[in-house]
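Naming follows writing order (A, B, C and D), and every chain is counted from residue 1.
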Amino acid sequence: MRSLGFIGLGRMGTPMARRLLQAGHRLTVHNRTRSKAEALVAEGAQWADSPRAVAQASEVVFMMLADSQASEAVLTGPEGVLAGAREGLIVVDMSTIAPAVSRRLAEQAARQGVTMLDAPVSGSVGPATEGTLTIFVGGPREAFEAVRDLLGILGRDIHYVGENGMGCAVKLAVNLILGISIQALGEAFALGARAGIPPARLWEILSDLAVISPSLRNKGGKIVQGDFAPSFALRLMEKDLGLIVEFGRQVGASTPLAAVAQQTFLAAREHGWAEADYSAIAAWLLDQRPPNAG
Amino acid sequence: MRSLGFIGLGRMGTPMARRLLQAGHRLTVHNRTRSKAEALVAEGAQWADSPRAVAQASEVVFMMLADSQASEAVLTGPEGVLAGAREGLIVVDMSTIAPAVSRRLAEQAARQGVTMLDAPVSGSVGPATEGTLTIFVGGPREAFEAVRDLLGILGRDIHYVGENGMGCAVKLAVNLILGISIQALGEAFALGARAGIPPARLWEILSDLAVISPSLRNKGGKIVQGDFAPSFALRLMEKDLGLIVEFGRQVGASTPLAAVAQQTFLAAREHGWAEADYSAIAAWLLDQRPPNAG
Amino acid sequence: MRSLGFIGLGRMGTPMARRLLQAGHRLTVHNRTRSKAEALVAEGAQWADSPRAVAQASEVVFMMLADSQASEAVLTGPEGVLAGAREGLIVVDMSTIAPAVSRRLAEQAARQGVTMLDAPVSGSVGPATEGTLTIFVGGPREAFEAVRDLLGILGRDIHYVGENGMGCAVKLAVNLILGISIQALGEAFALGARAGIPPARLWEILSDLAVISPSLRNKGGKIVQGDFAPSFALRLMEKDLGLIVEFGRQVGASTPLAAVAQQTFLAAREHGWAEADYSAIAAWLLDQRPPNAG
Amino acid sequence: MRSLGFIGLGRMGTPMARRLLQAGHRLTVHNRTRSKAEALVAEGAQWADSPRAVAQASEVVFMMLADSQASEAVLTGPEGVLAGAREGLIVVDMSTIAPAVSRRLAEQAARQGVTMLDAPVSGSVGPATEGTLTIFVGGPREAFEAVRDLLGILGRDIHYVGENGMGCAVKLAVNLILGISIQALGEAFALGARAGIPPARLWEILSDLAVISPSLRNKGGKIVQGDFAPSFALRLMEKDLGLIVEFGRQVGASTPLAAVAQQTFLAAREHGWAEADYSAIAAWLLDQRPPNAG
């Protein structure tokens, strides 16, 4: 049994934290909105009033937050993790953030004797609940070895990919394919629909073809039914595409499709689809109208 | 046993024609370059000096040509299929051409009592050889029923999708996803490589993920090895992306990713990758250099 | 005094035909919709019932039509110009059409002893009325010399640019810059507006800067006022961008901005802006809504 | 006579600082590389070893730096401007940086009683030398009034555009048009060249047209001659396009052309054109090869 902390109890964080708790570890949790922690506390987790307090109570702190700004604030703020960290603490940031920010935060943590790992995940609420996420880990290898068992509670395929920031880099490469693929499917539906083949009929034909990935297969039927209940919000995919383009700028990689997909997702985000599932990009492409616009 | 014709004996056409021959039908063949027909003739096919002569000898003529211009020339030229067609002939054009051209040719044929079907295929040389292509058929349903058994020799999944041109429309929707997906993979490789993860390592991580379609899985390892022996030439994918964008214009469907992918494939085509496999777009994205540019 | 013909009496064609008439030439006119010819007939032009009849009455026939299809139909149809042409006729096609079509039509005409020039124009209704168009001419130089005086009635800057199709090629290069520039201005307005600077204020600042071309200066104030009365319809700019991308494909030139602008204009076209001035792309970019959508 | 500071003595900063000195003000200067300050020191400026020391000696400090990171470091670093600032200091940051960073730095400065203005400029070395820059100013109006006379030494058209960050926002809107326009010209040259019209000939035709802005007119002839001596480096335009796309994300403005132009400039930057003038994008588009690649 180890003393663990978990900060960020959203759609992904909550089932992940629950798995750590159910595995028998002592778990201290914090979330910006306290109410989201209630279920976990009822199940045995400790509430802490700040990231700082989480750090004081933990050997390993997990973070699952929305973006680079959130990771930075939770880590380095006056009531942040580093303010409460003893030397030797390991912080596993599972958020999808900019690789450059991840690296910078790791350097800042290291100056206080805190070791960071970036460990963003691929997979959505289902795999988070079942512990079958894919996890991409960057940071010092010894720290990775020290938390490998814990990561094994959360995910099935766990890839150590290099120094700090590289976990985020690989995650962005994955989401680049994911975001572009779903828009490609949306463009195919739009093309078909305007040509006279309704999406439902086109999907019957497409769904078994080799061009359709398991991710797309999972989404196509829902798109056809107009079911955009979010497992991964469109605004978050837009955010990731923004990170991809910016990261491409930094390392010198051309990503023209990512750049254009980011523009499409941005337009959809601004027209009412922000909180819908990212697959709603297909609905936006079909007629470039807000949800429920008749 | 029926009297069949086959025009266009390229990488795809030859194994397709062979399957028809091996199924026991009488087969008359023609190709712009005669030498490509020799093997089939040795196996029992009849050579004809022109599309016109093929039509004179056949109840059903199959065409598998490079582009809209070729289909039009072979069909309507002075020595073309229509010049030799008796009433009742069925022409099955399996080329991937512009839906509008397909429809126009069908109208022209109909004025002579010839029925056309557009029946482009998904799948490459392997499935063409094994008779496991996917086929999208547009045109009069009775004509489709009349040749269904023949199509069954060539493909496994055979989708009747509507009036003339709709087979081509569906095929374009499929290749839209195929072309964009492969570029997405190429962008992911480029991003990773510049960030310090070699393609081979990234592919180990990516290849099992749900974002990877069977089509991509088939290509990723070859990309990593630099094996771009063509099963579907890059210039043909560029051509299809051009058809997609133009078709989108006609029917009013926005296809921004297809438009940008077409530009990328065009640049690759112009820099020496035209005859390589379309997956060579990944090599182009990696450093925007011609093949063997050191 | 020469016997001239003019086919295509739209927004541009009518003032151009009028200038030829007023210069003292005998003028025979035809238009798909006869009513548009009435004013000119009242001023002294002869009406002809077909392009064929125009050709029979003329030494030089001018055409000012909407697109490649129209030029082809008017020239080669059963009641077309070539059907009525005597040897030695010069046809000056001032329409903006695909260079490849222009070249093909010229070859077809030449087989009948008819010489074609492609002579598309830059400039809108104002310059058409004042005879200050810029004209780009492709085709045999002797034919150009033979009609130079007539072109001088219509335009001020007259550029002979090479063989058939090259006039259209240069025109497309010009409209590439025009279409992209106006979208750039629209994107600047959108960026400013979302950041809190209303277009009217931004335009006060921008309008005198060196980045603003005379074409943009002419449009900016109207955009700010929401005045999109068409001098050049948005759907025609979309058409030209489509021609540009297709022409780029043929000659092997990458035009990524043109490809993306075409997508934007297409979306605007499909959402109610087709007949507005092309500068309405700025209104579309501002909030991606149809005209009068509140 | 006022005590002024100037930090950042690059291609733009040096002539700007010189104008302030020649106008009779006491000037303290600092630059990362000291040698670049020597000429100004010889002309009467004082050298200071750090931004902090500049601030200690000045009522108003001007900054002209490369990017957001540089502005932040020079302002907030341990030897930065704020470390040496007395209350009431006005800092005029003329760098082109992210509006969000500009706003954040202004807030941080305000907490120390220092007032910031963002005042990026339009115009290159020539106007900087002649004092004819266009200046876009964001920040508290009183501070603007207090330095208006000084800005008048540097620029001719001085636009007060609103709160902190808005100067940068307007500057980005201007460079959006500038960057996209030059790529449009490059695409036109590429299209023409592949179609058989050499850039020099095409430029003869284009240069007088209404689609050509003064900025383009200034560049076209140099592009034709292959003269890419930098007045504004291509890598800086790439940077600005990156800022534009990121700013668009933040405020919710779609800027598809800017996104694609950024990708093109990025590719050119990575292939040897980083330090060339930004108009070298035309050379890149022509054949997508590094400089001097034969």
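We adopt the following convention: a residue touches a chain if its C-beta (ideal position, glycine included) is under 8 Å from a C-beta of that chain, and two chains touch if they have at least 3 such contacts.
Labels paired with UniProt names: A, B, C, D = 2-hydroxy-3-oxopropionate reductase.
If you're wondering where the values come from, they're calculated on a predicted model, not measured in any experiment.
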When B-D and B-C are ranked by contacting C-beta pairs, first comes B-C
From the centre of chain B, which chain's CA centre is farthest? D
Express in whole angstrom the distance between the two chain centres, defined as the mean CA positions of chain C and chain D. 38
Can you compute the centre-to-centre distance for chain B and chain D, using the mean CA position of each chain? Integer Å is fine. 50
Whole-Å distance, C-alpha centre of chain B to that of chain C, is 36
Please output the residue numbers of chain D that touch at least 2 other chains, ranges allowed. 248, 252, 254-256, 260, 263, 267, 288
Chain D to chain C touching residues, read off their complex: 99, 122-123, 134, 136, 157, 159, 161-162, 166, 169-170, 172-174, 176-178, 180-181, 183-185, 187-188, 190-197, 201-202, 205-206, 208-216, 218, 244, 247-248, 251-258, 260-261, 263-264, 285, 288
Under the touch definition given earlier, write down the residues of chain A that touch chain D in their complex. 238, 242, 245-246, 248-249, 252, 254-256, 259-260, 262-263, 266-267, 269-270
Per the contact definition, I'd like the list of chain A residues that touch chain C in the complex. 256, 260, 267, 270-271, 288
